[in-house]
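Dropping the structures in below, format is structure tokens.
In the two assemblies presented below, chain A is common to both, partnered first by chain B and then by chain C.
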Partner chain A sequence: MHYFTITRSVVFALLIINKAGGLIFNRTFAPGLQKLDSNDYLILAGTFHGIHAISRSINPAPPEPQTQPPATHPRRPITTGIESLESSHFRLTCYQTATGVKFLLFTSPEQPNTEVVVRRCYEIFGDFVMKNPFYNLEMPVRVEKFERALAGYLVRP
Partner chain B sequence: MASSSKAARLGEEVWKSRVDKINAEVLTLTYGTIVAQLCRDLTLPATANKTDYAAVNAELDRMGYNIGLRLIEDFLAKSNTGTCSSFRETAEVISKVGFKMFLNVVPQVTNWQGVEGKPQAFGLVFEENPLAEFVEYPDDGRAQDELWYSNILCGVIRGALEMVQMQIEAHFVTDVLRGNDTTEMRVTLVRYIEDEMPPDDE
Partner chain C sequence: MPAPTTATATATTNNNPPTPLDFKESDTIPLPPPKPFQPSLRHPASRKSIYDRALSRPPSSTSLPAFAHLFNTLITYHHAKSASVSEIEGRLNRAGYPIGIKMLDLLLYRQGGKAVRPTRLLDLLQFVHGVLWRGLFGRAADALEQSTSKREEYMIVDNEPVVNTYISIPKEMSQLNCAAFVAGIIEGVCDASGFGTEGVSAHWGEGDEMWPGKTIFLLRFQEKVVEREEGIKAAGG
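For the complex of A and B:
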């Protein structure tokens, strides 16, 4: 083990989970994490999806807004669920979009502004994946331009 | 995002600093070509060149729907608006952020309907419509009454809102191209889609 080399800020990996809990994208950008086989990644995605859904429902509900018009359509209160998870050697930042897609960013604990980084990944996703006419919604992402744009943003020289 | 002025400011900011822009006429002409081609392709059964305008409207709506399903991600990523707390707020965000950032127009939210017992609905009145610039309807006596030229926008809104758990119904009620005084779309909330967790079955 050479964990003393990981004291600077590093973005290790990005996972994208669709709204059904399936892993649709998985890419490592820097060495440092132990290798998982692809089946483990699928299990990780599915398990995290379930835990995240539970964490959303145990969140205390925010107070109802005062100016609500007559509630002809009552709606479940908005909660975010798990946003980050830390261990001694990495931090996992989770960003769930309003559409239900989850972006999981693995970074070193020293990495600052992970929320900003993960949001930028979402922007790149919107531009290169969703606007690609040959990408099928909810399916695994195999889009070369997306990978290039991500690498350009996340891989530090 | 409580007030409409906040939405207006956000829309302005996103439009100025975060989106790539193209010449508006390229969009107008491209869209016009699509509609004209559909009018040529979709004909009434057993006729060679009588356009089935209902089919054109439906096809435009379907195309818009598929655009909306994808466009919502771009919208959320670039605008960074959170979840709306009410359908009224949704209306403001669609008009002042959504239309602003993609088409650089701000349709007016009007005829709000939120009475108890009735579905919530609002109108979007387009003072300018970049899609319909330069358009004159064909002189077949039917287009004026049957074609909704900008129907793709209804589909876009329907698709986009479906992805954020709102089932809505959208259609145009007036269009200056048909000789009306205004161009207005009506958007009605059918229901919020609660698809998250099935009730537990322990």
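For the complex of A and C:
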């Protein structure tokens, strides 16, 4: 017996937070989230930045791998902060890059491969924002090619 | 009058300021000794430097992101030193000029056999449109046109210049086209072939929805070059 399940896998929005916790990019790609004004997005980004830092400290340390030789002095275990947050209406995926920039992706809970999607967003960022001579680091992102490439990738036609 | 033995004697007897020929040890500051020459040519384990590599075999592929980062720094440097958009374009043009001169020799060498530099205007334009573009970007340029109003102006069109791949111009500088660097390369090639130009500039091709990055390179040849060409044509060359 065949039956169809209509999965609406949608990407709602992308937020980019810089090293200091300030919001540098914010774009909504599909309706479904509550409308917030620009100030609320700034507060959201700052709050998440703080919570991410706290969660990194209280994260239970992973067990030491057996294969490694015992260190001369105990090293601080490497922990990560919040990686995903799920509710019945949305899923939030957070990817923190090696340079401290955080990518927050809001999707529907059915969206598969959110890791892949957010990593591709990072690639597009690295291409059109980092390689742009007119972009000042840690400043709000106002780069036309970046927005065009992102829309092409995330908006389902 | 006896020659003065010391400067002070001169000063007291003549009441004149010491002439420049009066030389005292305390007037000089010794220069630091010259640093020994440090060669920066790299010699990897195979004992061969970059000069030993064959010219006729171009490198298989160069990383576009690596070029993008270098070009990025070049633009940022000139942007900081310039007061206007046209000044940035002029500086990028000057930066590309020596590359054009060297590219002409290199590409002719790679063509092999008895390749000679183009001596006719149309041959030069075909060379730039085809060989130069393929040598630089791996593909030919998109169009070659002659201006209808001025006979010394020609245009080469590139729908998507490779150097502009990652560059988005901010609104306040929308006139700037960083392909001015490539325009400098073209100018170098033309000058080295003996076809002097008044300048080669890069302009945005307006109103093309499919190719938002379309760039038109305007080549303005000198009057004497055009007259020479007409003369050859009239003589049946």
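Note that in this section the second predicted complex is superposed on the first by the 134 of 157 C-alpha atoms of A that agree within 3 Å, B and C clash if a C-alpha of one lies under 4 Å from a C-alpha of the other, contacts with A are read in each partner's own complex, and residues count from 1 in each chain.
Everything that follows uses one rule, which is that a contact is a pair of C-beta atoms (placed from the backbone, for glycine too) under 8 Å apart; a residue touches a chain by one contact, two chains touch by 3 or more.
What you see is a predicted model, and the numbers here were worked out from it, not measured in a lab.
J.: With both complexes overlaid on chain A, does A:123 touch chain B (first), chain C (second), both or neither?
T.: Only chain B is touched by A:123; chain C is not.
J.: Which of the two partners, first being chain B and second being chain C, lies in contact with A:78: first, second, both, or neither?
T.: In the superposition, A:78 touches chain B alone.
J.: On the superposed three-chain arrangement, identify whether chain B or chain C touches more chain A residues.
T.: In the superposed model, B touches more residues of chain A.
J.: Does the superposition put A:131 against chain B (first), chain C (second), both, or neither?
T.: both
J.: By the touch definition at the top of the document, which applies to A:53: first (chain B), second (chain C), both, or neither?
T.: After superposition on chain A, A:53 lies in contact with chain B alone.
J.: Output check: A:35 vs chain B and chain C. Expected answer is one of first, second, both, neither. What do you get?
T.: Neither chain B nor chain C is touched by A:35.
J.: Classify the contacts of A:143 with the two partner chains as first (chain B alone), second (chain C alone), both, or neither.
T.: In the superposition, A:143 touches chain C alone.
J.: Can you give me the overlap between the chain B contact set and the chain C contact set on chain A?
T.: Common to the two interfaces on chain A: residues 127, 131.
J.: What part of chain B is in contact with chain A in the complex they form?
T.: Residues of chain B touching chain A: 2, 69-78, 80, 82-83, 85-88, 114-120, 163-164, 189, 191-192, 194, 196-197.
J.: What residues on chain A touch chain B, complex-wise?
T.: Where chain A meets chain B, its residues are 53, 56-57, 65, 67-70, 72-73, 75-76, 78, 97-99, 101, 119, 122-123, 125-127, 130-131, 137.
J.: For the complex, give me every residue of chain C touching chain A.
T.: 65, 68-69, 71-73, 75-76, 79, 166-170, 173, 178
J.: Could you list, by residue number, the parts of chain A that touch chain C in their complex?
T.: 127-128, 131-134, 142-146
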